[in-house]
Each structure stands twice: as structure tokens, then as C-alpha cells.
Amino acid sequence: MKNNITQETTSLDKTKPVQLAPGLEIGGDTIISMVGPCSVESFEQTHEIGRVVSSLGIRVLRGGAFKPRTSPFAFQGLGEEGLHILSAVAKEFGLLVVTEAMSVEQIPLVSEYSDIIQIGSRNMQHFPLLWAAGEADRPVLLKRGFMSTVEEWLMAAEHIAQKGNEKIILCERGIRGFDPSTRNVLDTASIALAKKLSPFPVIADPSHATGRADLVLPAARAAVAAGADGLLLEVHPTPSKALSDADQALSLDSLEEFTQQVGLVARALSRELV
Amino acid sequence: MKNNITQETTSLDKTKPVQLAPGLEIGGDTIISMVGPCSVESFEQTHEIGRVVSSLGIRVLRGGAFKPRTSPFAFQGLGEEGLHILSAVAKEFGLLVVTEAMSVEQIPLVSEYSDIIQIGSRNMQHFPLLWAAGEADRPVLLKRGFMSTVEEWLMAAEHIAQKGNEKIILCERGIRGFDPSTRNVLDTASIALAKKLSPFPVIADPSHATGRADLVLPAARAAVAAGADGLLLEVHPTPSKALSDADQALSLDSLEEFTQQVGLVARALSRELV
Amino acid sequence: MKNNITQETTSLDKTKPVQLAPGLEIGGDTIISMVGPCSVESFEQTHEIGRVVSSLGIRVLRGGAFKPRTSPFAFQGLGEEGLHILSAVAKEFGLLVVTEAMSVEQIPLVSEYSDIIQIGSRNMQHFPLLWAAGEADRPVLLKRGFMSTVEEWLMAAEHIAQKGNEKIILCERGIRGFDPSTRNVLDTASIALAKKLSPFPVIADPSHATGRADLVLPAARAAVAAGADGLLLEVHPTPSKALSDADQALSLDSLEEFTQQVGLVARALSRELV
Amino acid sequence: MKNNITQETTSLDKTKPVQLAPGLEIGGDTIISMVGPCSVESFEQTHEIGRVVSSLGIRVLRGGAFKPRTSPFAFQGLGEEGLHILSAVAKEFGLLVVTEAMSVEQIPLVSEYSDIIQIGSRNMQHFPLLWAAGEADRPVLLKRGFMSTVEEWLMAAEHIAQKGNEKIILCERGIRGFDPSTRNVLDTASIALAKKLSPFPVIADPSHATGRADLVLPAARAAVAAGADGLLLEVHPTPSKALSDADQALSLDSLEEFTQQVGLVARALSRELV
């Protein structure tokens, strides 16, 4: 078995880009935004987001259909209907889709509707799911467990790669800390470290990392400055009415200003944000 | 939907015992030890452990057949063969078996061989697995995620209970901390808190919590003193040769002394350790 | 320079008792309770506590005169007047006093009124204070920093011991964690570990560790079961009216029952709680 | 008493600049680097650093004379001789000095030699030291406790401000986490949050935050992108021979490239790094 992870490298960045679609790769000069609602709530909500997102040149639509929720009494997502909506909106606006598969059985279904299979933070060490993703023919977005070390995260990626799928995108989404003022702690240095130790592109999720809409911009700029190859962002037409994660969603109105601000940092590093 | 968790109680302990076998329940006056190897390595190893364990009056044999390992390059367990061995040894010595199901698909197989279905720390929020365990007709041992709050742990139990299975045993196995001198931090107060907020029996795993054989005894005594209804313990005929978790396994030779020492604390609380 | 800390020992407990007064030592068969208010608020409050405490056979009165408070807008303690009160009450009831010195300059003053000098958690690595305590002729109660490893804690004790004062009592008071359901996490295994690695008696502060009066009893029992040589406890005649730490103070009425319950565990380990 | 901290603001950045010297302020358009050795080891070492630092246009020299060290057996700094060296080198090259005062008694001495008084992470809640700094006539650099919340950090600043000194510079230097791959976790979002909630400039210490020379550059870029008003950096002529913190010191040779790289991010935010 080949091991993708090295303990010693001289270059900070040895990333091998992953192709997302013809002409679109992640891990190279282009920083990829993946933008959308936490949960797909309705066709109208998703369509409105898709329209704005595509008008800004963003190429990837994110959204949750199956929602892993701490409480069984909370909204659990629209399920397959959510996948239909995501896929229809993406088709209309020429977007790619990334959405989460929560279990082994959902991998075929998610693969049918989605261009990228997301594995969530709570499932980072659910090994059967990693193995199933390793047999899929889609790029896999592997979120870091909020309680996992960088080494455990890279080892989880190895569980996928060992099954033959090396189209892996790592995503730092904040680790659990002791300070209630933010939802999690964005571990910016881990982005650089993961890029140093592995060949996989690394993106950041400043929405979950901070849990506060007012901190998403500085966190996103920091992630890009640390070398992130992409951003996963939550937006909502009316954040205060979101069925999940209302506090951290950016409004659609603020998205253009947001991408311009982050784009300035990207260009300072000779990269382009789309 | 009924909610088992209360935020307000007057009594510290409102535990509703769970029946494990005719005449054997957990959550009452008897504190239940569940003892065995981290991994089932061979029939000989498991048989030797079963013999000693049963000779001490212990009633439950634990052991891992499917091992969720951080690294894909580490020993992953004997799989179904491990279940055969566990079951055969348990039958010979009149023991019950507890072993982990790592995925939804393994639930029927594990149910066939095991009296209690264990859900591991890494899977505490793998909701499809919780739902499947909620439909099984076996008691479920739910380990606390090593970076989960007590509320998240109890909510995970609710995901099981909502499917109809309320035979749930909670297990505190140490949370992740900042001090490398122990593998995890045994959160003793969480044992009392979980018993206060839920009706489920709570046990402790001092082996994983400390990761050090020399601290398992004081940690086990502390857990019992805090109100634990049982203990999950790793033993090995030759700890230094264990294929996994070698540092934390008690030797079989020390087990009798161990149970006597912990038994003294149990009796101080008018309970009996078996 | 001699180093008190060993990395390797065979015995779990190599504690060398510290004499507190003629006929009273800590670290031997007797487990020492140190009981009193978080803050000395008035003569009446302290006198009432002293009366009850001494009637139960408890020998050490604790209480804060100088209160290190996170916010400069919170009650900062009575200062020297508080020391007067503590000392007068202790004299009347034949108790010893333990109270905190917050700075180098307070060491002489605190030494005058108090039998044991406490160094607080926030000051565990304030080295000038450790050095000054190392030159005092009083036993020093060194609280573990709520963010310190066991090694850092023992090294802080070494900073004291290097100045000549080896009458050191270590106190585990809970470490900072991620779960808001308790104020801190009582690290029970650290009590056993500190006793294994150093010659100093180790006590526990279940009041600060849990921050909840309803969890103080199970936490105290756990600490004693893990080998603690003493307990630091907050009580108040009317907990709901306490000027600081109201949520965690035991009522005076519950103290007798409390000491009986903990005493049962102590006796199971062939020790006596006073 | 006036409270500088607000819980509600609309603007992310309400920083009120602090004047360091005539014509040099922190918290405005200029991002201030404070560069030097962890410990002042000798005149030669410090002089060499001062020469390179000033040649790059950097205006502030940092260096430790009194070193708070976890172990009493480790190098404790040159003491007052170190202050002499720092001051002499700074004078020769027209630099300002920032160095740590470890105790109340050192405040006058440090004020004599240093332009900025640093309060270390371990002392963030040593209130008598905060009060003494609040009476000094020098700007105070207040490091965040490595396990302190943002609110506790801002409250510590209030302890200083209440004594009359509002020339406070906050410094995020990494918080303690569970992953041993970096020394601490740079909490980038806390930089933005502290700037949002208080009027004080906020800088970052990527050297201590990461503990790894190879991650200092991405961490520094991230901090600046998140809005940091300055950087505290450790350099050494021969990092491998440093008497303290050898793993995290940048070499003098790499400093020019480093400042250019970070400067690109600063300019993207319309700021200038000196």
C-alpha cells in the first residue's frame, strides 16, 4: 500500500490539483468558492441563491439535503427531494454541486446528483463511509473532525485513498475549543500544515469555524492568506429565517462585497478567487 | 415524540435499570464489569481471558472484532472470525458478549453473536448507525464521543431511543484534553451528570480514559465512587504483546486484586461489583 | 539542585506527609477537609461557618480575603479585614486557616494570619510568587493552573521547592474543557498521577472543578477514591446570596451528610476523613 | 468606572491607535513588526539581530531578559544585563524596545529600559501586575492567556485601563489545543473579535502560536489578513543554537523574504508593514 502522507518535505506546498470539471481544478492558481445554504429548504430558496452565486462567477453550489443534527427533534433536511432541487438549480445556472453523504448507502444516490461527495466532520472517522467514498468516482470533500488532529485527518484521507480514489479535498472547518464566543476555532495553521504533509488541496469553512456572520470575512481572508485552495460558505436569502445555522449565514446581498474583499488577498498571493 | 432527557431533576440518580440477561441487570445495586481484550487476536488469547474472567465471577466479556483504527495501515481486527471466537468462548464460560458494530450493515451480524451492541466513540454522531441500533432488539452501549458534550451524548441516546430501543447504556470513556501525560481525561463528574439528566445506566472505561495501566485502578475507583453502574476494562494475557492498546491493558494476573480493590469502594456505596 | 520529581516509580503512592500543626499532617491516613466560604463576606458569615465546620470535626477553615476576579467590576474581597476575620474565627474554634496570597508583597501579611499559603490557579506560573512562597515558613497549597499539564504543575512545585520550602500541597481544581455543563473538568486521574510522580500530598477542589453544588458530592467521592489526601470545599450559610461562586457552594445544612457520604469512601480505602 | 468593552458594535474595526513614539503609532494604517530573539543571550547576538532588523525598516526590537520558564532547571534569562543589552542595541539602531516585566517589582526597571511593557501569557490574570502596569507611563503589550477566552482577555485589559493607562496593545499568541503537531493554535478569528469588541490594537505572535519556523509565514499572513495591527516575531542568527524556543525562530537570512511576503497581504488591505 502506498502512503500519500509524508512526514518530511522541504516545500510548504506540494499540492496536486484535483479536477472538478473540464477546465476547473482545485489546488492550483484558482481558489474555488463553494457557496450555498446550510440546508436546502425549498426550490425557491435554492434557486435564488443559485442565481446570485452564478452571477458572481462562482462555480460550485453547496447545500445540505441530509442533515446530521445533534438533536433528533431538529430539522433533518429534505432528503432526496433536496438533492433534486440542488441538481436542478445547478443545471440551470451551470454550477457544480457538493453535498454530504451521511452513510454508506447514500453514496450511490449522492453520486448521482452531486459532482463532489462531502463527508462531514462527525463522520471523519466513520471508516466504512470513507471506504465507500474511496470506491466512488467523484472527488471527495473530507471535513476535518472538530476534535481530530491533523494527523488523524490525513489518516482518514488515507482510508479513502487506499481504496483507489485520490481525488480528495480536505476541509478545515474549525476545531472545538473552550471559548464560547465563537462556535469553533479556525485552525489556520493546520491549512498550511496539511498542504505541507499531503498532496491534497485544502479548503476552509469559515462559516462553521466561527459560527458568526460578522467574523466570516476576516476568517475567510485569513484562510486564503494561509494558503487555502477554496472556501465553503453558507449564504441565505434571509439569514434570520434559516432553518439551520442562522447565525453564521451571509446574506446574498453581502456576497459580492465579500468576494471582492477576499479576492484582494487572493491576488496578493497571485491567485484568483472564483 | 417522547424525550427521555430532563433538564431538571431533584434526585441525582433516577436510573432505570436495563436487563442484560435473566437475573442480570445494569443500573441497579450491582455494578457490572465488562472485561476482555481490546482486539480479539486468537481463540487461545480469548479463551484464556474468558477462563480467568469467569473464575472471578465477572459476567460480561468484551472484545473487538471490527476495529476502527486511525491509520489504515494498523491491525483492523479479525472481523467475523473474531465474533465467532468471542461467542464460542462466552458460551463455554457462561458469559455475555459486548462488541462493537462499526456500521449499519454490521448490526444484524453483531446482533447474532453479541448480547450487547457497542457503538464507538468515533461513531457517537453517526446518526444512521444510531437509528439502526434503535431498531435492534439488543441493549446498546453508547460510548461518549471523545469531544462531545454531555448534552450531545444524551441527544445521541435520544436518536436511538426515538426508534424504539430504550435499552441504552451510556459509557464515559475519557474526553480529549491538552495534557499528553494521559491518553484522555476521565470526566468523572459527567457520570453523575448523565445519571441525573437521563434514565440510562452509565458506565466508565478507565482503560481508554487514561491509556495507562498504572492509572486504571484509581480511575476505576473514582468512576464507581462517582456513581458508575459498570466498568469496561481491557485485559490481556501478555499486555506488552497486545496488537492494539498495549499500554493500557491490565494483565490477567492483576485482575483479581483489581476487582477486590474496586469492590471495596462499591461496597462503601452499598453496591456489589461483579 | 535536587529534583523532587521522578519520571519512574514503581509504587503508585510515594507521598511524604506535610505537617500542618502538631498532631495534624496531610498525606497520611487522614484525609483533610478544608472548608469555608469562597469569599470572606462578614464576621457573622464566617463565624457561622466556623461554628458548624468545627462541630463536624473539620480542622481547616478556608476563605478568600483577596479575590482575583476576571472582571475588575466584580467584588474583589475584603482584603486585610478579611484576614482578621478568618484568623479571629479560626482562633475561637481551634481551626487552622488557608487563604490565598495573590502577589509577592502579600506573602508576609498572609503568613501572619494564615497557617497555609494558597497560590491560586491563575498564578500557578507566576514564578516570582512561587519563589517568595518558597522562602516562607508556611506550607504552600499550590493549585493546578486550569490550563496546565501535570508536568507543568509539578515543575511549578519545583520552583517553590528549589527555594527551600518542600511543605507543598498540590490541589487539582479542574481543568478547562469544552463542555459548558460543568465549570471545569475534574481531572481525577491527575490526582493519582501527581502522587505517583512527586512526593507531595494532593488534594482536590470539587467545588471549582464542577461549579455545581449538585455535583460536588460525587466529584468529592471520586477524588477520594482516586487517592486525594484532602478536599477544598466551598460552603455558605445561604448559597444563593453568596457574593461569589454562588452556584457551587454547599449549604451548611448539607455539610454533615456530605462528610458522612465521603467518609464512607475514605474508610473503604482505610483512611479517615476529618 | 468606565468600561472600554462593548458587547455590541456595528463596525468590525473600531480600533483607537496607540502612539509608540513620535510619528509611530499602532492600530492605524501601518502594521508594526516587533522582531528579536526569544531570549537576549549576548550583546553580539542582539547586535547582529538589531542590525538586520533595522536595515529592513523594522522599528521595534523585542527580546526577553527575564524569562518565565516552566522548569526551574531551564535558562532563566540574563536579567538586568539583558535589559542593558537590548537598550544599547536599540539606541544604536534607532529602535524601540518591547520586553516583559514578570512581576510588580520589575515594572520600574523595565520602564527605564523599555518603550513598551510586555505582560506574558502566564501572567494575563496576575491582577497586581496588571494594576501596576496600569499605573506605568508606557504602552502595555498584553498577551492573551493561552487558555483564556476573549472575554477574559478583554477583562484583563480593563484591569489595566481602570488604573488610568489605556495605551494597551493586545496580543494573540495561540491557545492551547489537543493537537501536538503545533505548539498552540493561532486563534485568528479572535483577532477580529477583539478588535470588534474593544478599542485596543491587536497584534499576533505567530512564532509562539505555531512553534514551528516553517509555519510562521502562513500564520503571519493569516493574522494580517484577519486584521492584526502588528506581529511579534522571534528571530535568531542561528536558530538551532538558540537557548530557548529554537524550533520556532526564523533565521535572520529569511527575514527579508518574510517581510516581503507578509507585506503583500498588508498592501492588499491598504496597509503597510514596517
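Note that the chains take the letters A, B, C and D in the order they are written out, and that residue 1 is the start of every chain.
Here, contacts are C-beta pairs under 8 Å (C-beta built on N, C-alpha and C of every residue); 3 or more make two chains touch, one makes a residue touch a chain.
This is a predicted model, so every value here is computed, not measured.
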Most widely separated chain from subunit B, with each centre as the mean of CA atoms: D
Result of counting contacting C-beta pairs for A-C and C-D, higher pair: C-D
Cα-centroid distance, subunit A relative to subunit C, in whole angstrom: 48
Rounded Å distance, subunit C centre to subunit D centre (Cα mean): 35
Multi-chain contact residues (two or more partners), subunit B: 147, 151, 176-178, 180
Partner subunit B, residues of subunit C touching it in the complex: 12, 147, 149-151, 175, 177-182, 185-193, 196, 209-210, 214-215, 217-219, 221-227, 264-265, 267-269
Residues on subunit D engaged by subunit B in the complex (per definition of touch): 147, 176-178, 180
Contact set on subunit D toward subunit C in their complex: 1, 3, 68-73, 102-105, 122-123, 125-129, 145-147, 151-152, 155-156, 158-159, 162, 176
